Amino acid sequence: MDDISRQVAGGRQIGLFRRATYWLEPRWRDPGWLAFAMNRLTGVIVLGYLVAHMVVLSQLAAGPSGWDSLLATFGSQPFLVGDTLLIGAVTFHALSGARVIMLTFGIGTRHSGALFGLVLLVSAGLTAMAGWAILFR
Amino acid sequence: MTVVERGEIASGTTGRNHGLLHSGGRYAVKDPESAVECIEERDILACVAPEVLELNGGLFIAIEEPELEYRDRFLQACAQCRIPTRELSPAEARELEPALSERVLAAIEVPDGVFDPLHLCLAFLATARANGTTVLPYSEVEELVVRGSAVEGAVVRDRRTGVRRTIEADIVVNATGPWAGRIAAMAGLDVPVVPTAGVMVAVAGRFVDRVINRLDKPSDGDIVLPQRRTVVIGTSSWPVADPDLVAIPPEHVALMFERGGELVPGVRTGVTRGIFAASRPLIGRPDDASAGRELSRTFECFDHAAAGVPGFVTISGGKTTTARAMAEKTADIVCQHLGVAAECQTTRTPLRSYRDFYRA
Amino acid sequence: MSTLQRPVRRYLGRPDSIAPGHVPGVPGSSFEARRAADRTGLLWLIKAISGGLLIVFLGLHLIAQHLLVPGGLRDFASVVDYLRQPLALVTETLLVASVLVHAAIATRTFAAELVRNAGTLRVVSVVIALAAVATFGYTVWLTISVLSWSA
Amino acid sequence: MPETRIRLRIWRQPAGARERAGFETLEVTTDPQRDMVLDLIERAWAEVDRTLVFRHACHHASCGTCAVLVDGRERLPCVTSVQSVWDGHSPLTLKPLRNATVVADLAIEPAAVLAAMAALPLPYVRTVEREVRECSGGDGDGDVGTAERFEDCLECLACVSACTVAGGDPDYLGPAVLAAAQRIVEEPRGQDVGRVIDMVDSEHGVWQCRAIWACSAVCPSNVDPAARIMDLRRRLLTGDWPAAATTHAPAGSGASHG
């Protein structure tokens, strides 16, 4: 933290709880806030899944019999629904990240709110398609 | 030295004006004393505080036939007051300022400028702070400390904490503009200051870069000047009893649009950004206040020692443009009383950046 | 192309625009010392690039591993056949690598918001980096053990 | 529109002390079509409670002192008409800006952020751009490019208040300072661009912005800080900033000092 930041701080202390939850304080009138909060939430969800995915994949080390017996459970309905939601989180997170990158390079800076709307729309569409492919095909 | 301000810096009259850095042209014909003060101060500020000034110049333009006769008297008066002028053809004027009315008959360029009231004040105060002055905002003078017949300090309440404390002082300077009467009364004195309000209207759209004045004797709504992406139309005049809360007569507002529209037609259809009024401290007696327009714009410094109340000086009247000159005159009197033989340097000492006011 | 040299030298080499000196009025504010420690721009760029790569590799992964596979899940033999193809092996490895890089940088950003002390933050960053490398190591080991299983 | 009564639910916080802070309702008369919200605050002070502390100066959006939260949204009350924010009957809630220390009631202490602005420092005068001049009618386009005007930023700190990130980290330089830095990079006027670039290219500088864009949404003065922060990020990644102070400082602009 350099001296300019220390001056900006000007004695305003922010506690650990607020530092951990500041991004959840709603600003419904600013779509960018929702984009940021959902980006984080979906990020955490996907990270959580990846850890679980790693644990599951470690069963491969137990050989074919161990692994193949798992397929039935992971192919069951609740898991498929879970997978669809997961794809929703991933697509949203990816497109929301793309939005930030576009804005950083000056693309769509006049419509940052609308860009978020587009991200929601496209990710919902993709998720619906994936859901159809997973659940009904 | 301590500066005590009742609210935020410049929350009084000085903060709430249209920010015209007078070249003096407005007063050259009718109030030459004021005009000379303005042009001298304009040149000083342009060199000591360039950072907070827009120096795009100003135009006096004639719209109607009768105003053409005023042109020669205006040029002659400006020459006498050493205000540099340059005559432009109507076409040249409209080339520089395309938003001007098509009916421009004559145009004279003068070195008017525009300042930002708050930041000009902060520049002065930043320089004062750098030289050891303490600035106390949100601190209201509730009483003067009068011992015998002399004023020896003031009782100040910090409105943020409610704490009252007394500040002892060798000399108390009453520089409270239209409130000068109220403060002087605390020492049993009466100063001839007449609070005279004037309405100003801010319209969205930077129609002009220069200050546009009407080439005529001073009248209501005779000025349109730029402030960032807006223009401000001013002003009018009516005496007010209590400068704390000025009720704006609607007809004055309508007059601003109508008169301002004659100079820059675009303002009539512009979006109103702000309608505001502050009361100017004009020197004079209430009875001649009805002719508010005629009261001189010059300033006056009352050394109340002469009235048997030493340690108390009132400075009032004047314009924001001539604030430095007012301070110089007051400081001369204060130095006399304190036996200080310093020579004024504020005409050539560059002001600190207003930003330094916020530095530790 | 010449302007691109500047970010490269700024973030990777000796930045050309080291502030000549002290900022008057702001105590102890020479920027040189701080400059070297602050490559957040580079971190952001890597996060963005890895994000972009993720979109590609995850897309391939979803298609190759789930969409084209009947029932959506590969049994053990199918996993081995798939990983035997060199192209699949490369894309899956790059997928894991970019996920780990992306997640590591993002986790560090979270940590930077919670941790006030610069020293502690540096430690946490190193821990996160080690965790990512360790995870990558584990996936390499797992892949090898799966491929060698059938041999 | 006839005069009517309006209740102002104003945050009161004597001497910034949080424990004695709370809302108080002051009622004043208003003509919603003509009054601005600042007129109501001033009337509440003058007629109802003289202890009310609030910041104000110019009353026409040129000084930036009066910014407050009106029903939770950052606004300049001096240019916010009552009819544009009032539904005609429910009280209007007024609170001091977020992410700043409260001096008392509605007044905040701007020094922390403005000291950082002073460290840049952004010259206050700039050259007039073509698109800003309303050249209605007439042939010429005036003297765009040589005439001067003040920077758009009023330093009112509405953007800092609206910034979610600034709410979580006091060390974040914030939209106001970063937008000012971008203006220096865009129009150096004799400032040391390299030093400003070093200052903003940091953990608590442009890279902490999350593209929320609330700052640009509430800015009352056309600064669009979010787009300027992103412009700085783009410039840093592509090396697109002037090596030295190439453009001369226009006449009368801030001499580099301090």
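For reference, chains read A, B, C and D in written order, and residue numbers begin at 1 within each chain.
In the analysis below, a residue touches a chain if its C-beta (ideal position, glycine included) is under 8 Å from a C-beta of that chain, and two chains touch if they have at least 3 such contacts.
Keep in mind that this is a model prediction, so the values were computed, not measured.
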Exercise. Could you quickly compare C-D and A-D and let me know which has more C-beta contacts?
Key: A-D
Quiz item: Which chain has its C-alpha centre closest to the mean of all protein C-alpha atoms shown?
Solution: D
Quiz prompt | Where chain C and chain D are represented by their mean Cα positions, the distance between them in whole Å | solution = 38
Quiz item: So, what's the distance in Å between the C-alpha centres of chain C and chain B?
Solution: 61
Quiz prompt | Between chain D and chain A, distance of the C-alpha-averaged centres to the nearest whole Å | solution = 33
Quiz item: At what distance in angstrom does the C-alpha mean of chain C lie from that of chain A?
Solution: 17
Quiz item: chain A: which residues touch two or more other chains?
Solution: 1-4, 7, 19, 22, 104
Self-check item: Residues of chain B whose C-beta touches two or more other chains
Solution: 356, 359
Practice problem: List, in ascending order, every residue of chain C touching at least 2 other chains. | Solution: 23, 25-26, 29, 31, 34, 113
Quiz item: Which chains touch, pair by pair?
Solution: A-C, A-D, B-D, C-D
Quiz prompt | chain B to chain D touching residues, read off their complex | solution = 7-11, 15-16, 19, 46, 50-56, 94-100, 102, 116-119, 138, 159-162, 200, 202, 205-207, 209-210, 226-230, 232, 244-245, 250, 265-266, 273-276, 278, 350, 352-356, 358-360
Practice problem: Sort out for me which residues of chain D touch chain C in the complex. | Solution: 118-119, 168-169, 192-195, 197-199, 201-203, 205-208, 233, 236-241, 243, 258
Quiz item: Given the complex with chain C, which residues does chain A contribute to the contact?
Solution: 1-4, 7, 16, 19-20, 22, 43, 47, 50, 54, 57-58, 60-61, 63-64, 67-68, 71, 74-75, 80, 83, 87, 90, 94, 97-98, 101, 104, 133-134
Quiz prompt | Complex contact set, residues of chain D against chain B | solution = 14-16, 34, 36, 42-43, 46-47, 51, 53-65, 78-79, 103-104, 107, 110-111, 114-115, 117-118, 121, 123-125, 128, 132-143, 147-150, 152, 221-222, 251-255, 257-258
Exercise. Under the touch definition given earlier, write down the residues of chain A that touch chain D in their complex.
Key: 1-14, 18-19, 22-23, 25, 27, 29-33, 35-36, 99-100, 103-106, 109-110, 112-113
